[in-house]
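Think of it as A, B, C and D in the order they're written, each chain with its own count starting at 1.
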Amino acid sequence: MHIRIFTTGGTIDKVYFDAKSTYEVGPPNIETILNELSLEFDYTVESLMKKDSLDLTDQDRTFIYEAVAKDPADKVIITHGTDTMVETAKTLAGIQGKTIVLTGALKPALFKITDAVFNIGCAVAAVQTVNPGVYIVMNGRIFPHDKVRKNVRLGKFEAVE
Amino acid sequence: MHIRIFTTGGTIDKVYFDAKSTYEVGPPNIETILNELSLEFDYTVESLMKKDSLDLTDQDRTFIYEAVAKDPADKVIITHGTDTMVETAKTLAGIQGKTIVLTGALKPALFKITDAVFNIGCAVAAVQTVNPGVYIVMNGRIFPHDKVRKNVRLGKFEAVE
Amino acid sequence: MHIRIFTTGGTIDKVYFDAKSTYEVGPPNIETILNELSLEFDYTVESLMKKDSLDLTDQDRTFIYEAVAKDPADKVIITHGTDTMVETAKTLAGIQGKTIVLTGALKPALFKITDAVFNIGCAVAAVQTVNPGVYIVMNGRIFPHDKVRKNVRLGKFEAVE
Amino acid sequence: MHIRIFTTGGTIDKVYFDAKSTYEVGPPNIETILNELSLEFDYTVESLMKKDSLDLTDQDRTFIYEAVAKDPADKVIITHGTDTMVETAKTLAGIQGKTIVLTGALKPALFKITDAVFNIGCAVAAVQTVNPGVYIVMNGRIFPHDKVRKNVRLGKFEAVE
């Protein structure tokens, strides 16, 4: 089995720069996390961009769409910032015949306490088991892309009717 | 959504006792791991036993069977030692109408580098998405209980025909 | 033996707020770190302020000075942001009869990879062993307060003549 | 400044082997820990042996003695199992003109919660600041080698008169 992974940035990849006393988006942590594990599937990781998801433009989303659409893989995981994850998911909804799972983290993967590894585990299992379509996998749930929103106040994703 | 979790011991719960310079099975780490996350489902954790899976007896497996069978939940995760995880899974195969996922870890959850959190993420997603039956979720895969073995030499689970 | 600990903020206590996609100064991590250890000395921790050290004012430094000067302890550790740690140390130089050690971190204590715990270890040993005076303990060295600077480009403290 | 580091094994270097469901002494963690830090001193690490300290023989202690005695460095840190750390320290007491610090850990360095990094920080500061002699640096204290014992029941080192 093969899983194709694209990374776009977001909190999951945030690093802290002492020189500027600020954070920035760093290298994709999903690759580091998966490389530490002993896995019974193949995967390839490609970084499409390194952005806070609030900074993603229509052009960026078109770029993500095209990368996913033209890739031969039928199982795709995308790591993405949480603030506009749902918006990007909607953009990808037109792609047929693929199971596309967007995930990310509410706390950076480089923190001692982070949801990144758990979320990636959920995403890896979900992309193998659910029907083709576009999904958000966060907070331990697999949400169809058109039935989910980020509740910013609670800092979690929740189902909407 | 509710997930019922039973713990039985195994490497995932191994702790190190300085006094004896040895490892023993400690409290269930799945509870600590899930409690640190912000989750959109309910769960309850019950420790059935704290054993290295090589030490599990037929009586222990009957005890696990009965706990799972009589529980009203239809989504069940069991954390278990890896050496006899497949054997316990076979014992549970007679239970109807439930999705039962066994998982564990090859490196203790208390280690800096461990597969425990990733495996639990996989198990949480799998138990929501696959049909009723008994599964082993390890190394990033969801194996039907009768199509999997632990490859002790490689230290990983793999599919068998 | 008793060590008195004051905290003022800085990178060591930086947390990440998803809601704002930014870092802020959180609760003092030195207390959490020491509480996880089994120690053969007593300590008390008091948070004087929670500030990035670039934001410290003369008034803040007077406040720190007075807290240290009036405290009966003769062994004092202060956690502090690195950018103006040397400046605060100079302010405290007038205090007689106490060993005062300033430390902090270049990477937040909540990160998986951080210098916080190592630096606190150095500070705890230094405050017990060096003569009264004011010291910066960073990067594995014990610098007299008037013989050290932060090399911002290299991201480390170094001796000056 | 240069610090010479010798490693001998002990809990600080314990790893877990799934294949045997047991722990063994692995590679020296002090090197990994120091390499992750940005330090203002030089150090070299040499592994003398990889043993649980209960298994150290008189011959092993002679070997350690000779390695330390013939080394030109005047600042020496030795990582060592805790159970016979005091015994080895006594053996080294005849070496003149060097500050020799023995340290280790009560919980393996590879655990999420460990005293290894803190202890190494204490040892690095102590070896720079105390007079020549042989010391045990554990539990946040610097003990002269002839005024300390391990309290096995409490799992910590404590001063003796």
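As a convention for this text, a contact is a pair of C-beta atoms (placed from the backbone, for glycine too) under 8 Å apart; a residue touches a chain by one contact, two chains touch by 3 or more.
Predicted, not measured: the structure shown is a model, and the values here were computed from it.
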item	value
Shared chain contacts [chain A and chain C, defined touch]	none
Inter-centroid spacing, chain B versus chain A (mean Cα positions, whole Å)	26
Inter-centroid spacing, chain C versus chain B (mean Cα positions, whole Å)	44
Cα-centroid distance, chain B relative to chain D, in whole angstrom	38
Multi-chain contact residues (two or more partners), chain D	106, 112-113, 155
Pairs of chains satisfying the touch condition	A-B, A-C, B-D, C-D
In the complex with chain C, residue positions of chain A that touch it	11, 14, 16, 18-19, 21-23, 52, 54, 82-83, 106-108, 110-113, 152-153, 155
In the complex with chain B, residue positions of chain A that touch it	1, 33, 36-41, 106, 113, 115, 117-126, 128-130, 137, 139-142, 154-159
